[in-house]
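A, B, C, D, E, F, G and H label the chains in the order they appear, each numbered from 1.
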């Protein structure tokens, strides 16, 4: 049946064939792991022959531990990601929009995930619906993209507007930006789930990684289609 | 000090001077009252000299009881309102927008409240952000209005977009239209409270009456200003 | 710019160019509309030249009104959908899985949406994780599909397991099936949003229509790719 | 159509014509921005010719960065606002009431917003309903105001009482003051949304800025009317 | 130790000495019991020698079953209570206030509980804070009472105002009156729990019985004090 | 590996080897199934050789359909369960306690599940903590039981008290009995999850079936131990 | 009418006649006030002739500021209270029970409030229902008290048990002690509101002050009664 | 009746006979206690003759205080537990599974509790359902265990899958691992409560201690049974 080798590190049981099985390799989620555990996971993945090993949600201590072990690791501080190995050549094109400047770190995690997945990314920040003409102005970029990722906190209204303008799928990422009745991203999450335009799919609050993985799959599929025309 | 005569009906204590004190007369909220209680309240207000007495949230039984007592009462079934007496001549202009057809009954309550308050109303339905050009198309009506009331359920995103287009105040009314994560209007309520554009003020879910009262006050104030120019 | 003709029916403002703009035509959401309003919307869409007009969440009264006007309308009672006109020839293949029998009506809405969107659908019911071998047994169907829609209530655990088995995107639909701490679908919704496997995208509780629209877009894109190989 | 020039700073896309379009200029929300980003936004607005540029929710680091760039910037530490440029001459009169001393910072943000918007403000603190005679004692100030902003945490009961005394609109601001079942302002928010007196409009928890913008619009409108009498 | 005889009816285990132990007899909560079960419970209490047996939350079927068994039972349809036996002579005085007419049934349950507990009751309805002079007008009744029970739905603001006027304890009863953000009484409950005036004690939503029991104990205690002076 | 034959009925995929694999057969959850579907499931299980087939949450229509097909089916209306086939001889002893009479139907579902699982059951109703001596009085029954199931709504306090008295495991079942702040069983659920005594394990609100299955497993295990002594 | 002099400190408006009007003086809630503001409030109350001025929720900085101004102030660090002036001679007796040691600080606030209110207090800690005999063992103290205050976090079950043992009123104080599903005191709050025994009245989470004020009023009333016997 | 000696330390009232009564000794919950209080509780338990005294949720300060008093105390930093005295010889076997590495500390608390309870434990980490073959691979360990404890955060889906594979009881422990819609463990808690497979029993979020106590009781019971075969 489907492949399922694992590497047992005691505290972790790495799923070595996940990339073959699901198209996405096991990625190390560093939150809740010690720096040593994250380094050990990355090393085990590289030992198994991965061209690129990769951790998300890295803090300063973990970053230092990674750099000590692999001085040429690539760091993306805004996205809180670290990469050891070779980033693939990007194909396709995902448009990443943010409603406001404060949504930047989550959009950066989307972009980093796309880069590690070998998919191209164009990012346009701060096009919230309070100035809807900014949204209309990016219509050409929307039309040129394989899929659109929309990152928004507070009222989370941007995906509804974008989805009404295009036949591209919209992957909506609510963020915890805001205060009071934003309830740490709950308001934006509910807005996106009840978007009045179809074609909006939602991931967890602040989950730039998940949005990037999904967008990469759609973009690769769309590139296949485009090539064939 | 300020006037405060009351009429004691036993089950109710009508605030007879509320119109003089607050500009809005005591209006009978029929939900939770028997038909006989609603009729008694209306009668007491008329007995005190009101030119117009008025009930909201009337059901079929209450409507029948009102018509039996006052055969020439004016009924608005969509708004679930009943009026006994003379509607004032409207001045000013409030624009009432709905995001979808299902928001109609709440918009109707706004309109009925404006009519009873002597303020003019123009209603444009079904201009949700899934087709944002419909919103842009009503820009002339927005510019001509004294204030805009926006009624929306589901994602509740319409007020954010409208407020970004105008210097008019936006009174936002979330509705219980929707299902699932709309949570009976909670999603729309949170969206409106966290609207990324300033100038949005919010009332309770489905509270067309409250929105109408507030819009009437703003419109009368704006009419004063316009007349003076 | 992008096309945006509308048909103003008074109570509704139909977005006639939505299909051209977004790939999905305006579909009539019958909940909250009178039977006459739904019929009028369908008629306006057909008058504008649509080959197929279509309503979701139709009840018995609306069904009767549609059949009276268009005796050859196609009805899908399990999905609560009605179609007037020609269903397109299906291409591609979406796999629709349900965790339990009670999730059937939502899966039926997914299937009806796919049919109206011209995309093929294979549905396998009742493969919940309480018997995980049932899930493993559908691995061939998963591998053959362009995208997988997973419909589940109660614990909502099925999408996590499926997403770990495949490189297909998983569109997860929480349902309101269950009682107590299922909280009308909230438990399943939260489970799906926090799925430990990437590649899961979530729609609103019981939103078979939204899942169907998204799956159709992905499948058409994937078919483009497949054809080219 | 309506004006919509933007300034693209990369991380931000400033809406330069917002003041012309909506009567309120783009204001820099400093929370979630680096000090350098906030300074860059203010500079871009001033470069575009604004007489006054303005940031809210500034912390110590951002304050220092602003003062370094513009030594004559005006700071309001209680309101956490910073102003660069000329404050307009105030017209009209808004009454700002607080229920308790702890609501002060939010009331200060209301007052700062009014000052920057060119509207006069009178603030009376600590008139909560536990001593309702304190509320009655401000009746003359209420009567003299164009609009009343009521800032309250904990039970949030003050707007209901004030709205019953006056024909002025009441803009209600729930605050996160309190503990336990105050749930970070949720209790006050729900109280204000369900106020038994009409004429109460609500903004987000702790949103002094939004309340100030709305009150300024109402006051300017009311001043127009008053002048004409 | 303390007395604890029980009557075992199979489906119920009546606590026969509860009156002796706690001052309040076992009262039959009819919701969730069949009419026959309620009748059997009342009969067992009377068989044990109780002068008065008493059921709350009785519906039409249970009422009929009680009247068939005890034709001279006393029914209070507004309070949904039924009494079999002798009501005691009332002493002391509890003031029961309601914020609105719709709060009547809960206030009636308070009054019925007081009557069955042998405590006098004066009820004044519809003195909500939207007309705060109505509250001030009942100051003499407040001063004359041993304790005040305040029944309010929607914003639930009345107890805060009353508690600021008096040294009497205020027993606050939130009701499920209201809609939208009233959330079935949650808004009023939170308001009362966070009342800015001390001296407010809260019971469950719609729990007129619990408020009546508590008020009766306080009133009896206060009567003891008054008599002694 | 472990056995996993299934019966594919189209709308359902029965897990025929669940009993062998997990010790509990596939039981038909009738809520959300048509009467015909429930009958078909029961028939398929019997056709596969089950000595007993069994459905929970049956309503009147389903009950009638079952009786029409199997006139000698055993019905338990209080528990809403139906059994076709032979009930096993009970071994062991589970004590089922309820806090109040209204918790009876859930306790009945526990008892029916135990009966179908071949485990003995003793049920004592209405021993809530408002009369804690009733709890102490059942100490001998607690000591004689293999495991105790405690069913309680409203405050859900009974499991905490029972678990402090015994070394038996307590399986706690919150019920939706109560009103207001009971929030359909949420209050009892949270109480049980935070019980101050260890040894309390919790199932879903109103989930008598799940509690019965778990208790049966514990009791059978304990009987094994007892027999060996 | 009732007395209502105030002291206007700018940031605060002290209610000088609150003691005369409500029996409880204005007490300074130090959370959310600067140390200087708290000192100024205390000074103003003493200047007005109060024999005792008093602040709650004081932190280290405020404590230092108070001691600098009034070196003989009395501090209660566990209760986070500070007193300036003379504590009255206590009369009557309130029993304060805690379910666990961690509830101590809230119980200390109750005790400090009683001391400042001139009412006697006996405190017994750590009598949670996991060892129900500890509860039964304090029955003599319960019987000797005028009123019982029960402080409990986690499951909050103690008030239900105590109220079933006595004819004293139980003032229940939920605390934020616990983790997970305790949800910062919400679990205990809901438990207490739905207590199955009548005679339980509830205050806000961690509100030892409010419980103390209420208990003091009941105790003084009960002392009146006892003296007369 | 049952034994109930207590040790009164003033701030605590230790339940000395809890082990005899319930099979689990009083264990000191150090959160919310000062280091000195925790030490005093441990000393009192040892003074009473306990062979092992034990504290959970110890921080660094408490750990230091314990080591100062008992230099040979055994510390488990991952589990945040401290033991003074002799650990019993383990019998039986509990399998503890975690879904991810971050769930480790809670699993460690389960293991420490089992060790202190004299029950054997095998722990396998990081077998989440995103790689369901990892779950299937532990089937032999599941079959060899007396009971399975499953610790999982985020989607909390692992217990549903495990329970479908075995006739062992599954004790499910939701953890607060995750972000956004994980809501501090709420998502996992709801998933586990609504698990579609019977045989799942749930404890509070992060409650490794409670899970360990319950598993120990089941394992001891099962060992009895196994020995007899």
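As a working rule, a residue touches a chain if its C-beta (ideal position, glycine included) is under 8 Å from a C-beta of that chain, and two chains touch if they have at least 3 such contacts.
Small disclaimer: the values here were computed from a predicted structure and weren't measured.
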Next item on the list: Work out which chains are contact partners of both subunit C and subunit G.
Entry: F, H
Margin query: Given that subunit E and subunit G are copies and touch, would you call their interface same or different according to whether over half of its residue numbers are shared?
Written below: same
Note to self: Need the most distant chain from subunit C, centre defined as the mean of C-alpha atoms.
What the structure shows: G
Check: Roughly how far is subunit A from subunit C, going centre to centre by Cα mean, in whole Å?
Finding: 26
Check: From the C-alpha centre of subunit D to that of subunit E, how far is it in Å?
Finding: 44
Next item on the list: Name the residues of subunit H that each touch 2 or more other chains.
Entry: 2, 18, 100, 130-131, 136, 163-165, 180-182, 189, 193-194, 197, 204-205
Item checked: Each pair of chains that touches, named by its two labels -> A-B, A-C, A-D, A-H, B-C, B-D, B-E, C-F, C-H, D-E, D-G, E-F, E-G, F-G, F-H, G-H
Note to self: Considering only the defined contacts, which subunit E positions touch subunit D in the complex?
What the structure shows: 99-100, 128-132, 135-136, 154-157, 160-161, 163-165, 178, 180-183, 186-197
Checklist line | Parts of subunit C lying in touch with subunit A, wherever the complex brings them together | finding: 1-2, 18, 21-24, 27, 136, 139, 163-169, 171, 189, 193-194, 197-205, 209-210, 213-214, 217-218, 221-229
Notebook entry, point to check: Residues of subunit A touching subunit H in their complex?
Noted result: 2, 4, 6, 10-15, 18, 29, 31-33, 37, 174, 176, 184-185, 189, 204-207
Item checked: Touch list for subunit D against partner subunit G, complex -> 100-102, 104, 124-127, 130-131, 133-134, 137, 177, 179-182
